[in-house]
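Next up is a structure, given as structure tokens.
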Amino acid sequence: MMPNNLFILQSSPHFKDKDSVPKIMYTVIISLMPAILASLYFFRFKALFLYLACVITALITEALFLFLRKKSLDSLSDGSAIITGLLLAMTLPPSLPVEHAVIGAVMAIAIGKQVFGGLGHNIFNPALVGRAFLQTAFPVAMTTWIPPITQKINTATFATPLGNLKFQDAVAQGTLAPLKDLFFGNIGGCLGETSALALLIGACYLFYKRAIDWRIPVGIICSLTVFTGIFWLINPNKYASPLFHVLAGGLIIGAFFMATDMVTSPITPLGTTIYAVGIGVLVGTIRLFGGFPEGVMYSILLMNIVVPLLNQFTRPRILGERRKK
Amino acid sequence: MSLSSRMVIVLTSVGLISGALLSTVGILTKERIALNKQLEIENAIITVVQGTHTSEIIYEEKDLVVYGSKDENNQLIGFAVYASGTGFQDKIILMYGTNPTFTKIYRLTILEQKETPGLGAKITDKDAFLQFWENKDSSQPLTLRKPAARSPEELSPFEVNTITGATISSESVLNIVRLSLGKLMSLKKEGKLGNEE
Amino acid sequence: MPPRTIGEEFTKGLWHENPIFRQLLGMCPTLAVTNAVINGIAMGLATTFVLIFSSIVVSSIKKLIPNQVRIASYIVVIATFVTMADRFLAAFFPLISKDLGPYVPLIVVNCIILGRQEAFSSKNSVGRSFIDALGMSAGFILALLILSSIREILGAGTFLGHQFLGSWFEPWVIMILPPGAFITLGILIALTFVIEHKIKQRR
Amino acid sequence: MDILIPIITMSALGFLFSLGLVFAYKKLRVQEDPRVLLVMEILPQVNCGACGYSGCRAFAEAIVKGDVPANGCPVGGEEVAHQLVKTLGLEAVEVIKKVARVHCRGTVSATKESGLYRGIFTCYASHLVGGQKQCSYGCLGFGDCVEACPFDAIYMGEDGLPIVMEDKCTACGKCVDACPRNIIELHNIKQNILVFCRSLDRGPTARKACKNACIACGICVRACPEAIVLENNLAKIVHFKNIPRDKIPDIEKCPTKAIGLIHKENKKQEDDR
Amino acid sequence: MKTKTFPRGIHPPEYKDITANKPIEVMPPPEKVFIPLHQHFGKPAQPLVKKGDAVCVGQKIGEGQGLFSASVHSSISGKVLSVEDYFHPLGMPVLTVSIENDGEDRPLQEIEKTEKPLSLSPKEICNKVKEAGVVGLGGAAFPTAVKLSPPKDKPVDMIIINGCECEPFLTADYRLMLEFADDLLMGAELVRTATGAKRIIVGIEDNKKDAYKLLQEKAGGKPIEVQLLKTKYPQGAEKNLIYALLRREVPRGGLPFDVGVIVQNVGTAKAIWDAVHNGKPLYERVITISGPGIKDPKNLLVRIGTPFQKVIDFCGGIEDGTNILLMGGPMMGLSQWNPEAPVIKGTSGILALKTPVSFKEYECIGCSRCVEHCPTGLVPTRLAKHVKYNHLKEAEEWGILDCVECGCCQYTCPAKIYLVQWIRLGKNIIISNKRKKSA
Amino acid sequence: MELVALFISAILINNFVLHYFLGICPFLGVSKKIDSAFSMGLAVTFVMTITAVITWVINHWILLPNNLEYLQIVSFILVIASLVQLVEMFIRKVSPPLYQAMGIYLPLITTNCAIMGLALLAALKNYSFVETVVFGVGSGIGFTLAIILMAGIREQLDLSDVPEPLKGAGIALIVAGIMALAFLGFSGMIK
């Protein structure tokens, strides 16, 4: 028999679903597009430069590590580094100097992903590791905001809705951003978080493509609503409404695009639910009682730490298994 | 000699020798260390109430100490208040000087803090923070200026500045001062602050 | 194994048995005090002082001490020297002493010191113990120096308090904070593995 | 006074503490057979488990109790056995130095592929789908044995067969366990003649699958019937000591060289390295 | 009527229309057959013939050894050519009787029909089934006689006849249900009699509605219930089927009769009827030959021992571009390199597919699809990793031995990890280690 | 309220491992398996609590009244060393299963700076008796939390493809770094 006539010898199954890792990744990239376009509209070139810097740096860093580890450079095309770059950029303030963004992207890929062995092995969400690194390295630059182009004001410093809430007592002063603005994006904040609408459009696409686990966004939003709702009901003059909390800051992008990162979220259904509820509660706690106006990043990272334990201790019930009480 | 007694003797004598050595060192350094502490306080008092010649504790409780400052002529020129409270990370200990009626704050200095370096830790920095605390009018409640002013002239006498990116630390300092001042006022009303005047 | 020469006895602490990079001992002070070079040096010197003197004392009284009270006696000896160092710093360098906080007293539980007494001084002559202690301290100081230089330069833009990088450089605050310490040390340890591996391959 | 209080305090602490220790020493000391430690120092400390115990320590305890003979540690070999005998005053035992040997010459060039294997690259995994070589008995060449050897004593030769470095091999048997096709076996190191094939296929089938297969032609059996037999289409050396030196050239007339001297082979291996 | 089903599982493309409408054809016996003595779960059979012996159709040529074994019968009449190791579809060479056809198809003389099989005693039914060498035709080839005599302390109240045929492409069971409905229902009754069970349920997926209707009609008046199931893979896996139909869970490591159930494939039911009623040993079976690589796909009644090549040639041969040959369905079938391998009792189909030759394997991205789809409730990615990193103890703790190797996990895995192969590897190593330990 | 704040801060904000860098050696050494990490955490918490009580007593009843602060180091370490040994012997006598679970980690604790650090920090911060106890328990729980989380992560990393040079201490330190980074999210929570 000629070698080219040989049959394939393999273990069952011989059918495979058409979905693949790059397909999922590119689905996510497409679903990010509405929000990216919105941020380009709101922040123009500043946004563009940040996106380019983050994505290119992420790719270069990834390539460097693949080269050092003598792995095939093919993996660059799986799209995961692009997502990391894009999502990192989306969590940066528009006024951040580009060189800082570059440092963030290097850290995201190097410390957030490659030191653990690359795609699939990381414990923490790489984009958020990058952001947390930047937030801690350059706290001032990371908390300096400019208004979107739609707000025709010209102040050097500017506060985000959550910043207002935390430091200016916005509820009592009545200066809280209107929900409409939060929804359409007429507010200051990180590139990707300004317009909830654009993010939700992308999220719908993700659901349509079944690329994410519904438990995560639903769990986060519900638990945050309940948590902030309780305080709001107790004292609506001091605490903002749950709807405000859901729409403000990085919650939407975090709940739909970052907490859902498959690598860093649990693999068991029960674990996933606990993870999501944990994020929601932590976001509420940090926003209401912590030192920072926003807690999405920290909450996701904190729950990332717990994910291995969740996986370990929430093994699903095997068919026919009787659990000991 | 049995093993047990050897164990006892050896360890006891090690303890003995160590005790002897340590007490020597302890005694030799004791004064110096006490002096260091005292110097630190005295320096702080001189910084916050300029012109102090002598000072003495006139009131003391946990986390609040008031030093009365007198000039060469033994005239009371003000109080140095040692106070502390929680900052962003940990305790902040500071000292500020007031005039004898507590209506004016001369100056502020930070004795101990563990705020974030480069950020909250700027509260120890003269240019970034302390200079904005010079000569404040405390007859009314002080307020925080946010966003931050660039120079002391921009501030009203009742306003103190924030450090950009470290609102919490700035606010904490203000709170410590506010709280201790309030306390002192009421103490004064009760006549517990000595009868200097 | 043939007995090591004096030189080898000294240099092993610098690299092959470097307490921090190779043996992973005494991590706590290493991480805690290296936010500035000056603190690192002070810590290194204090540790050196304790290590050398306790080595000398331990190796010279080793015959007198029954096995059962060995550790206890060593601890007392070490603690005595630590207290001396601590008092000395507090008396003459109050600022540094304040910065180092409880980490100077913590030298007493630093695994390097007790480890060296156990592994070396209690078995070797005074001279050898002295050299060994010297080498180990040098290795420790070296590690502290590297770590603290990286952290201070990146975290504050300064070296020993002097402006090192130009004013264009925006310091990475994270390097002075705990995360920076952990991450930098992690990377340094990985680097020493790589270097060691390269050295082995050469041979 | 200032000096006295600390001195007294410290001495008292030292005294109390030493009393505590004396008490502990007397009352709560755990008895441990000191010989276990001695044995531990002799053992190779690789904790490979080849002795059948969970590690060197367990083996040490067993040997002190007298549960195993002094040659129970295959890794330590003669030298360790000798030292153990000396230290523990046991009866001297004979130690046969064994090494692992590969019973296959199905190199990549000699064998035919059966299919395009797609899957996990280990011998065991390939074996479970039938193996990617037409010979169902031969080496699959993914090196499970190499992976399993704790002493780096096996490496993969260029032609896709594992090669044992006999000086490093400690006869721990890990490779024997790892090979799904039972190609590796431990042999007395002095055995210098070996059948390098495991195929039970009939001659023509075997030959079709692999040029170096044993085709059960019986030449070797005829050369030395006292030591070699044919069993299930495969030559088998029953007792190598029965092979007289002068018969070896006849045995080596094997048309596929499936049987032969190992040391010639070894020389070649040395060069390969 | 409501359709029932089980949780999780997948929906692979079905491709059943290729052969669904083709009636079962009888394939003439080939010139030579190769009958392995090991075609079932358990010990191989002991050969009863030797080279040169003459045999006739249905003559026993291998005797089952011990409890878990089954006898093997000749499928043609002719002369024994050899009794030797020969290729086997499972991969390893197996002792095989090769027989040359004399073209006469001489049946065995002493075949006796039983007129009233339903009045036989359980013992007698069992014996006849055992004599006929019947094994499960649903895949595992478990000796049926063993199944029919469950332990006394585990009374069986329910017989499930498995007509799911959930594997893509395969239609053999479907055609069998349409064409031999009476036989298989009678077979089911025999099983019920043999085990003393009360009820029989036939489970059929809703992509085979006409079979469902037919059987329901025929079952009228008998204590037989026919139940429609929502089409989903692996409905036919017995633990899932039992759950779908009865909401009973077979305990981990247990067997269906731990919950009072016996599951038999429809083909097995027919084979039981043939064995008991007609005294016909199991020497032929219905298989589906299909797939894009087959020129003329068919459902065939084939003699056991016929080489695949002959069967394929009978179906017009193989198309160019075919690169994989399977015995069984695409989800659980075994890939074959040698078309000379013979059809065995467990062969449910022969498929020739054209699959993409290469695809990239990625690292597990933790998407949890494998977990969501595993019908057994396992965490396949975890199992695979534990095997990969040699943590066999953990793999066992995570339930690796419960895996039925259905392939759902690997089917859905976007990273294309060989999950099932890892798991199979781990199971094999664990089981062989256990054997070594107990030995 | 103050005490609750102190307690929470000791666990989350001023975590011994992630904030003060105390007890790194066991944190790195005993965090390879969740079970042993848990036992180690228990042992540390236990010893910390007792240490907090006893060193407070020594400090406030013997050392401070006699102006002997400089004997703190020597006396604390002696106390800790003997305490650990006594506890070990005690547990071994009283409850062998407990000894199996955590006893083997006890000797490691002597040279663990977390314990000594606790005694020193409590003395340095001038905590009252109750505060000291709360601080001790909280710090112990904080240590346990950190080491268990670390162990969970390391068990998962055992199933990962971590680059060779980073395996072991390297990756553990980086993970600790990112954990410290995440725990910064709690800072500023106690005011």
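When the chains are written out, they are named A, B, C, D, E and F in that same order, and each has its own residue count from 1.
We take it that a residue touches a chain if its C-beta (ideal position, glycine included) is under 8 Å from a C-beta of that chain, and two chains touch if they have at least 3 such contacts.
The shown structure was predicted, so the numbers you read here are calculated from the model rather than taken from an experiment.
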Chain D and chain F share contacts with A, B, C, E
In contact with chain B and chain E alike are the chains A, D, F
Rounded to the nearest Å, the gap separating the Cα centres of chain A and chain E is 48
For the pair chain B and chain C, the C-alpha centroid-to-centroid distance in angstrom is 34
Rounded to the nearest Å, the gap between Cα centres of chain A and chain B is 43
Distance in whole angstrom between the CA centres of chain C and chain E is 69
Multi-chain contacts in chain C, i.e. residues touching at least two other chains, fall at 68-69, 72, 76, 79-80, 83, 87, 173-174, 177, 179-180, 183
Chain F residues touching 2+ other chains are 68, 70-71, 74, 78, 81-82, 161, 163, 166, 170-171, 174, 177-178, 181, 184, 187-188
Residue ranges of chain A touching at least 2 other chains are 6-11, 111, 117-118, 121, 133, 136, 139, 291, 311
Contact graph of the chains (line, ring, star, complete, other): other
In contact, pair by pair, are chains A-B, A-C, A-D, A-E, A-F, B-C, B-D, B-F, C-D, C-F, D-E, D-F, E-F
Listed in rising order, the residues of chain E that touch chain A in the complex are 10, 12-13, 168, 239-240, 243, 249-252, 254, 322-326, 328, 330-337, 353, 355, 357, 359-360, 362-368, 371-372, 375-379, 381-382, 398-399, 402, 405, 407, 410-416, 418, 420-421, 424
Residue set of chain A touching chain D in the complex reads 3, 6-11
Chain D residues touching chain B in their complex are 2-3, 5-15, 17-19, 21-22, 25-26
In the complex, chain D touches chain F at residues 5-6, 9-10, 13-14, 17, 20-21, 24, 28
Per the touch rule, the chain A residues reaching chain B in their complex are 139-140, 143-144, 156-157, 167-168, 291
